[in-house]
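Encoded as structure tokens, the structure appears first; notes follow it.
For reference, chains read A, B and C in written order, and residue numbers begin at 1 within each chain.
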Amino acid sequence: MTEPMATSATAVVKTWQMYRAMVGLGVLCGSLIVTSFLVTRATIAENRRRALDLAVRTVIPGADRIQVFVASSDGGIARGTEDNPGEERVYAAYAADGELLGVAIQGRGLGYQDLISVLYSYDRERQAVTGFAVLDSRETPGLGDRIATDPSFQENFIALDVTLDESGSELLHPIVAVRSGEKQSAWEIDGITGATISSVAVASILRESAARWIPKLNDHWESMRQGG
Amino acid sequence: MSQLDSASSEATGSMWEAGLWRENPVFVQVLGMCPALAVSNSARNALAMGLATCAVLVLSNTVVACIRSLIPRQVRIACYILVIATFVTCIDYAIQAISLDLHRALGAFISLIVVNCLILGRAESFASKSTMSAAAIDGASMGLGFTLALFMIGAVREVAGSGSLFGISLFGPNFQPWVIMLLPSGGFFALAAWLLVFAAWKERQRPRLQPLEGRAQ
Amino acid sequence: MSGPSSPILAIRTSPHLVRGSRVDWIMLQVLIALSPALVFAACAFGAAAMLVIGVSVIACLAMEALWSGSSGRTLRDGSALVTAVLYALTLPPGLPLWMVAVGGVVSIWLGKAIFGGLGCNPFNPALVGRAFLQAAFPSAMTNWLPSFSVGRFSSVPESTLALPFLRPVYDARTSATPLAAWKFDAETTDSMDLLLGLTSGSLGETSSALLLLGGLYLIARNVMSWRVPVSIGISVALVSGLLRWADPQSYASPVFMLFSGGLMLGSLFMATDLVGSPMTSRGCWLYGALIGVLVVSIRAFGGMPEGVMYAILLANATTPLIDQWIRPRPFGAPGGARA
């Protein structure tokens, strides 16, 4: 066999042999990783962009071009990129003729099992959330995951009221979840029987995210319209 | 030098049989349980996970066998892990490039292939003592055996848990899914069911013992 | 229920028994104690309840017969019948009958048979069956029929007769259990209704009074350790009382906690399972206290409204540990000698 170390001779393996093996292997492996990163980078970015496009188009049908915006440090919004993963982003969707159709907002929060990540659209003219999609969730199959599939739950987001109050800094009615079949006002979310926790989680994700983003989007709507 | 230098077709055939069946990593050696139970909730996920593991296993086995004479004994585990981690990272990128949905479904378990004891186990117990070609065949047979086992678990779980196979509905829209089969505990149930089948099969294969020792086991 | 004294007694060394009772005699006493609750369930939920009980008995006995093979000894001692009845009492009345059968098979097979049969099962078999159903069919297991509805004897709910492996269809007549109403809507239920069983819930959890009566009968007959239910009750009352005292707005009163849900059924008939509970008196107190704390914690802080089942199963799992830890001092041994 090729084992370099005999049972009795302790000094056979020189230190530099170990260094040679580790450093040499490290360099080789490092370059292999970098190579595969460079090879796949473009495809992965393209996949991400396509997945995002698809998600934005499901909440804002008819979107032709999508522009990323992030919250800027002075409290306003600025054009952003996909690069910084920790940053909260919104996606302005424009029609083919350049008209601003709506803004898709990404929200995250804790569900029953793990983080739920959702995308919803804001229509300023109607002052309402007009589309909703679950991007990622690990909710219980058959129960909690109905937040993504249940048709009657999706009906909540045909026109979920997010009117701002007079000052324009807060929602007039915070979004709340109610029991299944008891929705009375346009700002209430009709829950799912058997998935109470997941539907309440969706409501609180929307409530928090909307309270943060919608006043800001409202203030800067014009600049986004032109930024298209 | 190595046990398979001659690489006769008979020995190769027996290696394939060992990985796929006689020493199946999941059903016989019970190795690599973490991914086997965690991401086998659908046939597609299980197959993807199995193939990813198989690819890493073949590559790492080959490379370990290739560099085995250059690696001092004292640092061999570190070197194996380095090789394995490199290939896992590459496979991770490859899966992201193939399908983001798949990458999301498999989640952290792709990165966790690094610590799958099956891969380090084959590197240490086989590849470090064999030629490149024998190590590659061993990696492929063990990897495919792992894939087969994951697929068998995943298929059972998907059929019972969602009433479908590869996303194709089998029983119509009114099927009542057995949610437990999609939860982690369902992995244990499916694994136990297959182990039961294997045990029963082995019991029947066993040659009849002499009446005297018939009951002593 | 008579037969030759079976050698099975030799391994049932539970110290709750002060005299040598036969398995079939004990099981008969348990059945007698459960009968008022069974009759009440049939009255409150009508034909659906009777069907559920019948199917559960058939499924459990069939599985037991399959397991015990030609001897049929364990079939005749009545333990499978007790498991079947207890299991049926934990089910919601509108549950599809095919699910009842699945759970019954799981109870006997995964709950008892694979561990080696009666006396070797670490967990209460009836609860194993129910836990499996809860995890497999969560929505069907949380759909409750209202009790004492009109026409409950003449018609069977559509969901009960769902075809095997198909999703049940529920009519609008479902209602929330007191615990679910409290958890999700902060509505309390009248204590008298809870005691009499005029609420919705699983077959055997509605009438606390009748269950209590059965439990007292078993204690009087010396079949059951009174320490376990008493310590569960004390621990539930103490912990929920403490929570109530700290924040009356968000936590329910101890009375509500004691008489709602499956607590009575669980603490009297399931936690006291001779195999799954500790052997020593001190062990029983500890075991009961653990169940009580778990029940209140799951109900107050967990995602589910009810937690008696999981509390008992978890406590069952700690029983070997408790028995290891608390050992009776051998007679005549120096004081405080512990293994």
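One rule holds for everything that comes next: a contact is a pair of C-beta atoms (placed from the backbone, for glycine too) under 8 Å apart; a residue touches a chain by one contact, two chains touch by 3 or more.
Keep in mind the model is a prediction, meaning the values are calculated, not measured.
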At minimum, the number of touching-chain hops separating chain A from chain C is 1
Chains joined by the largest number of C-beta pairs are A-B
At the largest C-alpha centroid distance from chain B we find chain C
So, in whole Å, the Cα centroid of chain A is separated from that of chain C by 44
Chain B and chain C have mean C-alpha positions lying a whole-number Å distance apart equal to 41
Rounded to the nearest Å, the gap between Cα centres of chain A and chain B is 33
Expected list for chain A, residues touching two or more other chains, is 140, 142-143
Expected list for chain B, residues touching two or more other chains, is 179, 183
Among all residues of chain C, those touching at least two other chains are 138
In their shared complex, chain A is touched by residues of chain B numbered 1, 41, 67-75, 78-79, 82-83, 85-86, 89-90, 93-94, 96-97, 99-101, 104, 129, 161-162, 177, 179, 182-183
Contacts from chain A onto chain C in the complex sit at residues 112, 140, 142-143, 179, 193-194, 196-197
Residue positions on chain B within touch of chain C in the complex are 171, 174-176, 178-181, 183, 185
Per the touch rule above, chain A residues touching chain B in the complex are 1-5, 13, 17-18, 20-22, 24-26, 29, 32-33, 36-37, 39-40, 43-44, 47-48, 51, 136, 140-143
So, in the complex, the side of chain C touching chain A is made of residues 138-139, 142, 184-185, 303
